[in-house]
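Dropping the structures in below, format is structure tokens.
Consider the two complexes below, in which chain A is the common component and chain B and chain C are the respective partners.
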Partner chain A sequence: MTTVNTVFIESIDPRFDAAACMNCGVCTALCPLEIIPLPRMLFREVMLGLEDKIIENEDTIYSCLLCKMCEANCPAGVPIAENIRLLRNYINSALYGLGR
Partner chain B sequence: MSLPKKAILGILTDNLLNRGSVLPLSDRTAIQWSDGLDIPRGGETVLYTGHMYQIMPYLGTMANRMKAMENSWITKFMNLGRFVNRFINVSRFMAFPGKNEKQTYNNILRAIALLLRKGGVKYGYLYEDELYSGALIYDQGVDMALANHARRVRRVFEDHGVRKVITVDPHTTNMLRHVYPEILEDFDLEVQSYLEVLADADLENAEKSNGEVMIHDSCVYARYEGVIEQPRYLLRRAGFTVKSPELSGALTHCCGGPIESLFPSRAHEIAAKRMEQLRTMGDPIAAMCPICLVNLKQAGKNNDEVGDIAEFLARALLEVPGPKERVTA
Partner chain C sequence: MTDRRIGAFICGCGGNISDYVDIEKVRDEVEKEPGVVVARTAMFTCSDATQREIIDIIREQELDGIVVASCSPKLHLNTFRAMARRAGLNQYVYNQVNIREQCSWTHTHDMEHATDKAIRLIRAGIARTLMGHPLEMIRVKTIPRVLIIGAGISGLQAARLLSTMGIEVHLVESAPEVGGQVASWGPLFPSGRSGKELVQTLTSMIEKDDRIHIHTSSQVVEKTGNVGEFDISIQSSDGKRTSIKAGAIIVATGFQRYKPPQGEFGYGLPGVLTLDEFRDVLDNSDSGSIRYNGRDIKNISYIYCVGSRQGSNDEGSHSYCSRYCCTAAVHTALLAGEKQNPLHQYHLFRDMRTYGKQELLYEEALQKGSLFLKFPDEEPPSVKASNGHLEVALKDQLTGGEEINIGSDLVVLVTGMEARPNRELIDVLKLPVGKDGFFNEIHCKLRPVETVMDGILIAGSAQGPKNVHESTISSMAAVAKSAGLLMKGYVDLEPFVAVVDPDLCEWCDDCSNACPYDAIGKIEKGGKAIAQVTTAICKGCGTCVPACEKLAINVEGYTHKQITNMIDALAKEVV
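Presenting the complex of A and B:
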């Protein structure tokens, strides 16, 4: 069962910005890693408050190359690489105790 | 089983905060490349290596060890490794690159310094005061540690009265030009990559043709910093016919390097994929980032398949040995 954490988004750095994402999938199609949840589905899960899903996808989040192939081609101009970095920042703080 | 991210990121962060770099080098190792070049100490304009080229032989060796550890029972002891690392620099026991490998990367820095000199560019060097920029920690999202470290780096620039920084790699360029100004108030140094500086400098054209070269654009130069035309322009002036793979410029394909520390096997797969794209024409390959260089070299069939752009330029414009004919410094 999926649990919705309605205040999860507040625990992510406020610079996280995926509001313009329309889930078109260009990012996923262009990803050199060919990992399916990267990055549009992750962003949707953040906005829906699916904290468990984000933690489940910890490996995916850290395996992003931050190469910006997706971002350079995103029709909505979503700052994808920075969003991924901020998700790492959340995991570092919430799970690894590495602070912010 | 993947490598334990918490322990590895913890070690990297502890190293940055306590020892000034994710992979601390001795002062001697960091500045050895400059032996005999008589670069003035400090000054308003400095050549800033950010230790990236010097770290690479160690990082490459360590990544191979980490790759061997993936799926091994040893990973269970990495938390203990982090504890021990607080007292003893564990990374010092994990990487022993060969002399030739260290010399290769030092020679690239020497080539950059000499090319700038040939172009009439005046610069100093901070020697043992120079610090790593913190790029890897920034990428991994450990922002608190990065902010602390960035303040130390700024203090070094202030203490030496630096106004302009000439960088040698894309990651340090991005950190100093775009990341530091976001996290530090009033950080307003002028920052340019040596490729940008050389493109505007008074370099003579090569007198003869030097053959063909396949260019591998760095993601960070191309998509973060917009440095795409300068390396091509410089190679053309150096007498090379520049070829680009299908995925190049703003659409360049990553070398896999950014995930080397946490997912070494996956990183090597990406590098192998990129090498397949680059070697289609059979030409020597020019990289312009030390991380790309070490990754693509590891995926190459031999050590000479890929070289740094500075080696190509130096061979053509300075008449010093290029990637296939290196000398000892």
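Presenting the complex of A and C:
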């Protein structure tokens, strides 16, 4: 059981934008590295403020090639690669104190 | 032997029948039946050319009865009745035998037995025609006046439109004011106009209209008569009775809101509201902040399908979808977002049904940050209070079954519609009601506003859950149907009604008690009491027939003589 953390939601860079996601799963299907749970479920966890889940998925977040296969094909126009970069930014500062 | 001259026409239906039934053999067999003077086959009996040929045969052979063995009468009964009329015959000496849906299509694997069955079915049709006689349609005069029960948005719209067609309207409303539930609603999708404004527009039109008579605080207490000429008594709250004659009745009594019992999804805890209660909170909050019980609201959870789509199909349970609630909740979330930003809104749903144009609202809500979480049907979310806050727990299927806990300031239960308790009205009108408590239409797609009672129509959410748009569309359908019925000045009804044999009848009231439509009464005739059928009310259901020990009641077209003759023909060579 994880709890929705609204403080975490508000601490994420406002440029993070996955609101239009309708959970269709095109991104998951197209990923050349078959990364799970990128990006559909991961973004949902961000929007729900499940901070533990984001930390838990640090490796997956860094495995992404930023190839934009998913972004180019997203029917809802979610800026997926940009969102991943913003999550890396968050992990860098929150976990490793970088870039403050 | 008989002196009747019957023609039997067997259709191949372009292979639909002739591929599985040997229609030539069928013809050879039925040709031998008593009364049959001509039997023919055709590839398409319904084609113009074949119909013309049959008409020629009817005239040359001076036929006094015809049987067409083809498809279901649902498809071509009227086609061949019209053909009989063109040939100068009474249309009721024609009988259709279904050897497609009820024979060839069901026995595609066995031609021999399908052929045998077709022969028997046609023999029965011939036997029925032999014992039949010409009938006339029952013509009923109609009064160009409509009684509308319920002055909500559907009733008001129906009244306005009937008046524009020149039909007088009596609008009966049980509440002291017209307008119904919509009158208290805020902005509605897609126009953005408030329910109050919509109702005001309609009311101002109706109040100016001389053809529309409004009776508020009134109930319908009695109804007699039949389609075209109903006699209705209405009673106002001060006990005054008024009688109204009307040609048709439109029932637009609407719905009532589902009220969750204490404890359903935490209902009763402070901060757990129904959608309607939340709309009131919103309407009473100033722009810039949403406040409830003196607290600022930052997190709202909506739980969908409360009081809708419950599993069991028992009497009184709500197994149906209430249709309007998904859109209403999403729309409410958008209005709440406009009142206050930031606002975290979580929608806990089973299935989103923002159909048609309403999809735009869903998309807008997504993009404005509403989060939609899907819970499994069998594991609904739970709501509990802790430290002055509400905790909503659910299993989110879209993150692969993650168990999530949402701290909420408000929990909004998205409640559905239920049927109004209309027991008295149902008794007065004798209208059938479905398991869900709403009034029953004849067919949900083909005849959605008509009821089994001729001249009584249903409109709006009295028939089932609908949004405002759908309700007014259904009331327009009821307007079209009632105007179509009344503007001609008369209606013709099928003559398949019960008739009493005055010699055999010895009034015992068994038939009258059996009749579900109150069509049978008592009269004095030839010095004795006998039963009398009001033909305009009788539906020809035949319930009275077996109730009569003296066999004094027959239904035209299905008389005892016809039925026994049909059974003998079906069982020929067997018994």
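Definition applied: the second predicted complex is superposed on the first by the 99 of 100 C-alpha atoms of A that agree within 3 Å, B and C clash if a C-alpha of one lies under 4 Å from a C-alpha of the other, contacts with A are read in each partner's own complex, and residues count from 1 in each chain.
The working rule: contacts are C-beta pairs under 8 Å (C-beta built on N, C-alpha and C of every residue); 3 or more make two chains touch, one makes a residue touch a chain.
If you're wondering where the values come from, they're calculated on a predicted model, not measured in any experiment.
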{"item": "Touching partner for A:22 - first (chain B), second (chain C), both, neither", "value": "second"}
{"item": "Residue contacts with chain A in the superposition, chain B compared against chain C", "value": "B"}
{"item": "Touching partner for A:48 - first (chain B), second (chain C), both, neither", "value": "second"}
{"item": "Chain B versus chain C as contact partner of A:2, first or second or both or neither", "value": "second"}
{"item": "Residue ranges of chain A touching chain C (in the complex, touch as defined)", "value": "1-4, 6, 9-10, 19-23, 37, 41, 44-45, 47-48, 50, 53"}
{"item": "For the chain C and chain A complex, residues of the former touching the latter", "value": "298-299, 342, 344, 346, 363, 366-369, 371, 373, 393, 396, 398-400, 402-407"}
{"item": "Touching residues on chain B, where the partner in the complex is chain A", "value": "2, 5-6, 9-10, 13, 138-145, 219, 223-224, 250-251, 253-254, 256, 258-259, 262-263, 266, 270, 273"}
{"item": "Contact footprint of chain B on chain A as seen in their complex", "value": "32-33, 58-59, 62-69, 71-72, 85-92, 95-96, 98-100"}
